[in-house]
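First the structure, then my questions, so here it is.
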Amino acid sequence: MILELPILILALCLLLALSSLIRGPSLANRVVSFDLLTTIGIGLIAVYAVMTDQPVFLDIAVVLALISFLGTIAFAFYLERSQR
Amino acid sequence: MLIAVLSGFGFSLAAIWIARIGRLRGWLFALLPLILTLYFLSFTPAIIAGEVITASYTWVPSLDVQLAFNLDGLSWLFALLVSSIGTFIFIYAGAYMADEPLVGRFYAYILIFMASMLGLVLADNLITLFIFWELTSFSSYLLIGFNHKDDAARKAALQALLITSGGGLALMAGLILLGLAGNSFEISTLVAGGGVAEHPLYVPILLLILTGAFTKSAQVPFHFWLPGAMTAPSPVSAYLHSATMVKAGIYLLARLTPVLGGTDLWHLLLPAVGGLTMLVGAYLSLRQVDLKRILAYSTISSLGSLVFLLGLDTPLAAQAAIVYLVAHSMYKGALFLIAGIIEHETGTRDVTALGGLARIMPAVTLAAGFASLSMAGIPPFFGFVSKELLYETTLGLQDTAVLFTTLAVIVNMIMVAAAVLVFVRPFTGAIVETPQTPHAVPLGLWLGPLALGTGGLAAGLLLSQVGSTFIAPAVSAILAEPIEVNLALWHGINPMLILSIVTVLGGLVVYRYRHVYERISSRLDTSERWGPAQWYERGLDAVLMLGQLQTRILQHGYLRVYLLTINLVVISLVGITLVTRYDFAGQLPSTDLHFHEAVTAVIIAVAMIYVLFARSRLAAVVALGVVGYGIALIFVFFGAPDLAMTQFAIETLTVILMVLILYRLPSFANFSSRGQRTRDAVVALSVGALITTLVLISTTIVQPSLLTPFFAENSVTEAQGRNIVNVIIVDFRGLDTMGEITVLSIAALGVYTLLRLRTPSQRKVDLTAAVETGEIAEKGKSEEAEGVQ
Amino acid sequence: MKATEKRHAAQSLILLTATRYLVPILLLFSLFLLTRGHNEPGGGFVGGLVAGAAFALYALAHTVHQARLLLRFPPRTLIGTGLLIAVGSGLVALLFQRPFMTGIWSAVELPIFGKLGTPGIFDIGVYIAVLGVILQIIFELMEE
Amino acid sequence: MGLLVLLPLLIPFVTAALALLFWRRHRVQRALGLVGSVGLLLSALVLLVVVWRDGIQVVQLGNWPAPFGITFVADLFSGIMTVLGGIIAVAVVIYSHASVDRLRERFGYYPLLLFLMMGISGSFLTGDIFNLYVWFEVMLMASFVLVAMGNERAQLEGALKYVTINLVSSAIFLTAIGILYGISGTLNMAQLSVQLSQSQQPQMVTVVAMLFLIAFGIKAALFPLFFWLPASYPVAPVAITALFAGLLTKVGVYALIRVFTLLFVQDIGYTHALLLLLAALTMITGVLGAASQNEIRRILSFHIISQIGYMVMGLALFTPLALAGAIFYIIHHIIVKANLFLIGGVVQRLEGSYYLKDLGGLYRSHFGLAVLFLIPAMSLAGIPPLSGFWAKFTLIRASLEENQPVIALVALVVSLLTLFSMTKIWAEVFWKDRPETTPEPAPLSPSARLQLLLPIIALAAITVVIGLMAEPVFILASQAANQLLSPVEYVTAVLGGTP
Amino acid sequence: MVIVLAFLTGGLYACGLYMMMRRSIVKLIMGLALLSYATNLLIFTVGGLTRAAPPLVPEGETVPPVPFADPVPQALILTAIVIGFGVLAFAVVLIEQTHRSVGTDDSNNLRGIEGES
Amino acid sequence: MIQTAISAILLTLGALLMLLAGIGLLRMPDVFLRMSATSKAATLGVILIMVAAAVYFNDLGVTARAIGIVIFIILTAPISAHMIGRAAYITGEKLWSETKIDELKGRYDEETHRLEAPPVESAEVNSLK
Amino acid sequence: MNVLFINVLLALVWTFLTGSFTPNTLIEGFIVGYLVLWLASPLYGPSTYFKKFRQAISFLLFFVWELIVATLRVAYVVIKPNLDIQPGIVAVPLDVKTDMEIMLLANMITITPGSLSLDVSYDRRVIYVHVMHVTDVEAYRREIKQGFERRIGELFR
């Protein structure tokens, strides 16, 4: 099915983001990668919802979008505090 | 009869208050044993007539434990000894401990002891007997340690307790086996039933019971606790450690003779151990200079004689044993009390430092004379009769007559010497300067010894009555058949008489040349280093060392090694069970796999491995977050939206939590060596492999859920919800959720407590740190916020 | 909206401003998750977590002190209340002679919530307790 | 309605939740602690009586039929355990009034205690294996906090080990539950009993049994998984240690007994032989460890381990008498062990130390306390006719009946070494003179005296009563054992139908 | 996927346990977290996998369309996740406080009362 | 059918944008440039995917959710970038060596992290006021 | 803004009238409602609604356009084999004053590929922007001020 293609690409993206996450080198870089990873995750879940014709999965995407932001902020918070 | 036994326990509870009445307390306490003596005496006609008075009360019938009592000749004789000697001891103690502030406790303990001893000798139930047996050990512990500030007293008390309780535990096993083998825990039934000797368990039963009896009655090699026990106050030594408690083992052997006796093993073990104990006790007694230790070792020797006699298992031997036992209880009890008086008055027990006391304490001297004469076996004292009977018995032996007669003569010579030593040195000759100056001895002190000493004389004089009244019923009970006893002082000139004369003369020679004896024996002696007392010490040390060693090995404090241990246990228990018990069928679960699933799996795998090698803790936290998100994605792919949502949310919170905490912690450090890492990796991988195997096996076992169909059908119709997972967690299995939020709540309280609760000392530390870093202002603010609530 | 709100030197103006819009969105969504949890993915637990996230965000952007003021109740009280509501919803069944935690449903049907019943109340208890727990932990940690 | 079965759970829960609302009200907290624990005890007593009279009590939560919802089951064994929990809870709460400092009381001491009791009661009464996990966690979480409460360095170090190792245990437990559900399709213990007995893969069941053995073995402090116990128990406030010493490990033992009588009886020759081996090793290592210690709480802590060995020995022998012995042992041990720790606390309060070398002289100054110590101490050592004697006697008799002389020998030797330890404490703390460096005992205020001694006296009295009136207690234990050995009764009560 | 998840589960256990056996107490926490993932994934896998079919009943119907994923393991994991979080939160703080009080990250220095001679 | 086709195209486009972000992440030399590459491409990608979902399901609830996600992402993604960027700068994250100009240099207070505007006399800034 | 409210109300009424509750009908309803309101605008007296609405639409279109252009630009940079950019951090003085406006501006800058707002000075006078490719700093400042800032200012005043 044609909807396999986007999910394939997104899976690939996940791998790219992961490799960047591991490469680092600084924490800020990792957080950026992590942030991208979650964004891709949101997309992936939405694509999966379309692919499987299950709109309920979109709810998960909403939760992820709402809450993953907090994680990023916490990292930034930490980064700054660790400097003081 | 129950009341008779239990009255002592009851009184002991009140002893502390009764003791407050002052000087007359000894006489008052003595009323109880006196009444008991009279009570038991009241059974005299019945006992002579061969009656057995029984009384039984249910206690723990489910475990075959009854408060069953049985008053026959043997137990009656023992009960009389316990209560009558007790009477004198109690009076004596009143005077002896006149200034002792803890005398109430003393009476409490000794009352417990007396009651236990009565229970022991009267009990018909094996377990009840054992219970009282243990109580005598326990009360003995408290009494030996009565001078509790003294290191030696505490050590001796412990030694006595461990030895007798150790034996007691063997006894317990033996008694249980006996009860199982004989199908009854009632001694009377066992005696009537018989057949235990042929039981396959006979040998262990006998060995276990003998261990118990031998430890209690201070047989070699368990004898060494008894001299140590002399740290107890003299009334205790007299009562427990010569007259009654140490005889409990003898009593038990006598009691069980009809059940266990008569076998080759019995005939081998008892005489051998008893004979050895006779010799060792006698040998050691003469090496002492401490009055009480002389008496203690001679007591050991006498106890050996009793075991020896019981082991012979003949009517004559039994008769000899009972006579010996009664005679010994009287003279040895008296001598211990006298030793107490001497110590009390002079402040020393060293016989070489004493002399001329006869002039100061005539009544005591008389008592000591009587008791020593009885001990030395001089007619017409009762001791003479016992010695005659002993010789008669050994001479009647078939193969070993010469050996055992020689042994008996040698031992008795030493006993004569000891008796002379005990009397002559302290009482005769010139008055010697002692730590304290002796005064006239009050009635309370000398009454007991004199009565007991005179008792030895009276028994000798009233021999036939004593024989038929006291000795015959006991002997009958031992042999489980009626026996005639005819005692007489004069049998004409016979081998026994000759031996007696030889013994006395030999004893005097030994006394005269005891320096030579001492010199030789001290050169030969290795018991200082190799004796059983040293085994005990080494055993104790070994236990402590083993304990320390084991604690070092198992309880080392290294958390990671604890975890390693758990892993090893998992590997061994689960792994071995799996390998040995499970039959691998080789079937594998389905292998279909989608690309995005595979990618997710790869991501999780890479991230988790990254966690292991991450150099920075925050990088590890990020990777951990990736693992969590990855798992959430798997939940998405396999139809678990609620799970995925929760996992995402929780994961994010976890990341926040870690971030908030971790920046206060040091960065990762690699402490472990390469070897440790390899070892841990191998172990962890093994557990992982095990888990993988378990998962693979479990997924091939096709067992459809028994719960799911019900939930699917009832979720909407009965529980009014279309999200089955949610319906499960709030309704079908709502209690899980209740527990779960409770856990969370407690965790939140815990975090609060950990972060806020500061003991005053810690607060000081924190305060200085806060002042240094200038955090103090913020601290105040947060406490303000707390105050708002 | 005040143009010059007093703020800490290290606080980000952008974040501060954004939270004014984000916090209500998060809270709204958390209630949404709570109310429809019985029928669609969601429920008191996730709802409570999201609500907790809202206050946590507020605390990160502003200060814990302000977040506490915003919350009005101490988290501990929320925990206790949540637990009591949860157990209370279970006890309702006893009035109807049913075992503990038996669902009791009223005939009333609410728009999003669906039918009103004790399992729903139980879920509310969970929501409140979880909110309390999350905030108790996060606030304490941030205040340290 | 079956509310009765739930009351031991709900009463502490509601009182704890209320205590959270009255956080700053010190007196209310204390009162709630007392109300919760006394309520727990009373409800447990009534429950036990009802179970004794009417048989196994069952409540299906949410009115869902048995294997589907969560079932709470009170049989005699769980009834007994709940009552014991109640007794200890009341004793500890009263004792805490005088022994726990204000600071800890202000930080949720009583609600935590009540939550702990809730978890313990839930563990005893639940009939669902996953629900058991949940109550275990409630109990553990509360115990984690109580161990660490106070933040003393030793506490934190001990708590770290306690927490970590127990979490590993929980993970193993959860793993085992997951696999069990996978291979049986159910979580209800009664139905599991049925399913596992008909399992097509009995070997796999045995493998899972090993996981449960390890998980519960850690909680019960079985050899060689006991290390967390001596590391952590001695560092908590003594009232808490008393509670833990009495109850917590026994929850592990309870779970072991429950699953190895109800669920895992397919391969007794293997599993229970293994249990017997572990029991012996546990007894020996525990008592040897105690011998090497010189601090009251540590000595007592190691003894917990060795006594766990006795209980598991009863399970391993797997006869009615042995199991009755195990249950009797549990009853005796919980009362006695908790009491010894409470007494240790009083000693510390008087002389300021738990170290034997710093102590002494109490025989003269506090004879009453000496007697109060002697009762549980001698009971622990198995001196007749105190409770410990009957427990030991029953187990040894059972092992001899089963022709297992080795375990009997071990049990006897260990009992002698226990006596050694108890007399060591006695001689050092009571008989020995007070060292010159140790200050005079600090006098107790009358109210503290009452609150500290009342629980001790009560527990000592129970010990004596159990000893003197062993018959009814033994019959109770014996009936409980019979119930355990015939799971049909349990299964029928839960799932319905005729036996 | 079952096989993949089986290996993933095993791997998570291995990594978690390995991390816990490190001397650094910070790693201990990471190990605990990994272990908690591992158990959750195990329950999920052993409970049986069904793709893209959440156990939801469509509006207006009374039973979910078959096949649907088993809701029971999901409910169990939900509880386990939450409990795991609570426990982890406490453990993290405990470790931080331990570090603060003792001043070391090395568990070898945290031998506690066992370390006393 | 046409809805499916449209959504498929949108989904693919969205996915490609994400891919772009991924590649950007790997290729860009410093953290600020990486954020430049990712925050927008990914945001745009998510927006496209959400539109696709809304089109595909054509359901009010789904559309509402899609819109919600879009709004939220538009609101939060830049804030994330700002927060990380700021933190990265404060923690001394190195700018790419080819970076032409850095007007932020020295403006953060080392202690309080208070950010100052360029000095008033800075001509180029004032010239625009 | 109460006109917006009426417009939304009309959209809802429209969906009820058509009886299908899909996004399409809602959008239809909104457009129809807007037309109706525009026709009936004298009824409500002077209102900035229609102007603001137009401004908002044009702002949105501008933003989308910028987004697409910038995305393509970045895509080109990313895909191109050699990295040929001149990044820099530029201080852009601010005219917009309220928090909301500043935040919106900052977000717009960030969303637009190639630029990233790093922070706003404490006194709100300057926003610091990281730019991927800045050949002329002054030109960039002007570009921002003329583009996003002006439009935001118009929309909110």
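Just a few scattered comments:
We just call them A, B, C, D, E, F and G in the order they show up, numbering each chain from 1.
As a working rule, a residue touches a chain if its C-beta (ideal position, glycine included) is under 8 Å from a C-beta of that chain, and two chains touch if they have at least 3 such contacts.
Fair warning: this is a prediction, and the values are worked out from it, not measured in the lab.
Annotation of chain B and chain F: jointly contacted by A, C, touch as defined at the top. The minimal number of chain-to-chain contact steps leading from chain A to chain G is 2.
Distance from each chain's C-alpha mean to the overall C-alpha mean is smallest for D. Two chain pairs, B-D and C-D, are weighed by contacting C-beta pairs, with B-D ahead.
In this assembly, G is the chain whose CA centroid lies farthest from the centroid of chain B. Centroids built from CA atoms put chain E at 48 Å from chain B. The mean-CA centres of chain A and chain B are about 68 angstrom from one another, to the nearest whole unit. Note on chain placement: the centre of chain C and the centre of chain G lie 33 Å apart, centres being C-alpha means.
The residues of chain C that reach two or more other chains are 9-10, 12, 14-15, 18, 22, 25, 29, 33, 39-42, 45-46, 49-50, 53, 56, 74, 76-77, 79, 83, 87, 101, 103, 133, 137, 141, listed in rising order. Within chain E, contacts with two or more other chains are made by residues 20, 28, 38, 42, 46-48, 51-52, 54, 56, 59, 72, 76, 78-79, 82-83, 86-87, 89-90, 93-95, 97, 101, 107, 110-114.
For chain B, the set of residues touching two or more other chains reads 551, 555, 557, 559, 563, 637, 641-642, 645-646, 649-650, 652-653, 656-657, 660-662, 664, 691, 695, 698-699, 705, 707, 711, 722-723, 729, 731, 733-752, 754-756, 762, 789. Going by the touch rule set out above, the chain pairs that meet are A-B, A-C, A-E, A-F, B-C, B-D, B-E, C-D, C-E, C-F, C-G, D-E, F-G.
Across the complex, chain F meets chain A through its residues 7-8, 11-12, 14-16, 18-19, 21-23, 25-26, 31, 34-35, 38-39, 42-43, 45-46, 49-50, 52-53, 56-57, 59, 61-62, 65-66, 68-69, 72-73, 76-77, 79-80, 83-84, 86-88, 90-93, 111, 113. Taken in their complex, chain A has these residues touching chain B: 4, 7-8, 10-12, 14-15, 18, 21-22, 24, 27, 30-31, 33-34, 37-38, 41, 44-45, 48, 56-57, 59-60, 63-64, 67-68, 70-71, 74-75, 77-78, 81-82. For chain C in complex with chain A, the residues that touch the partner chain are 10, 15, 22, 25-26, 29, 33, 40-42, 46, 49-50, 53, 56-57, 60-61.
Those residues of chain D lying in contact with chain C across their complex are 1-3, 6, 10, 13-14, 16-21, 23, 59-63.
Residues 130, 133-134, 137, 140-141, 144-145, 148, 151-154, 156-161, 163-164, 167-168, 170-171, 174-175, 177-179, 181-182, 187, 230-231, 234-235, 298 of chain D are the ones touching chain E in the complex.
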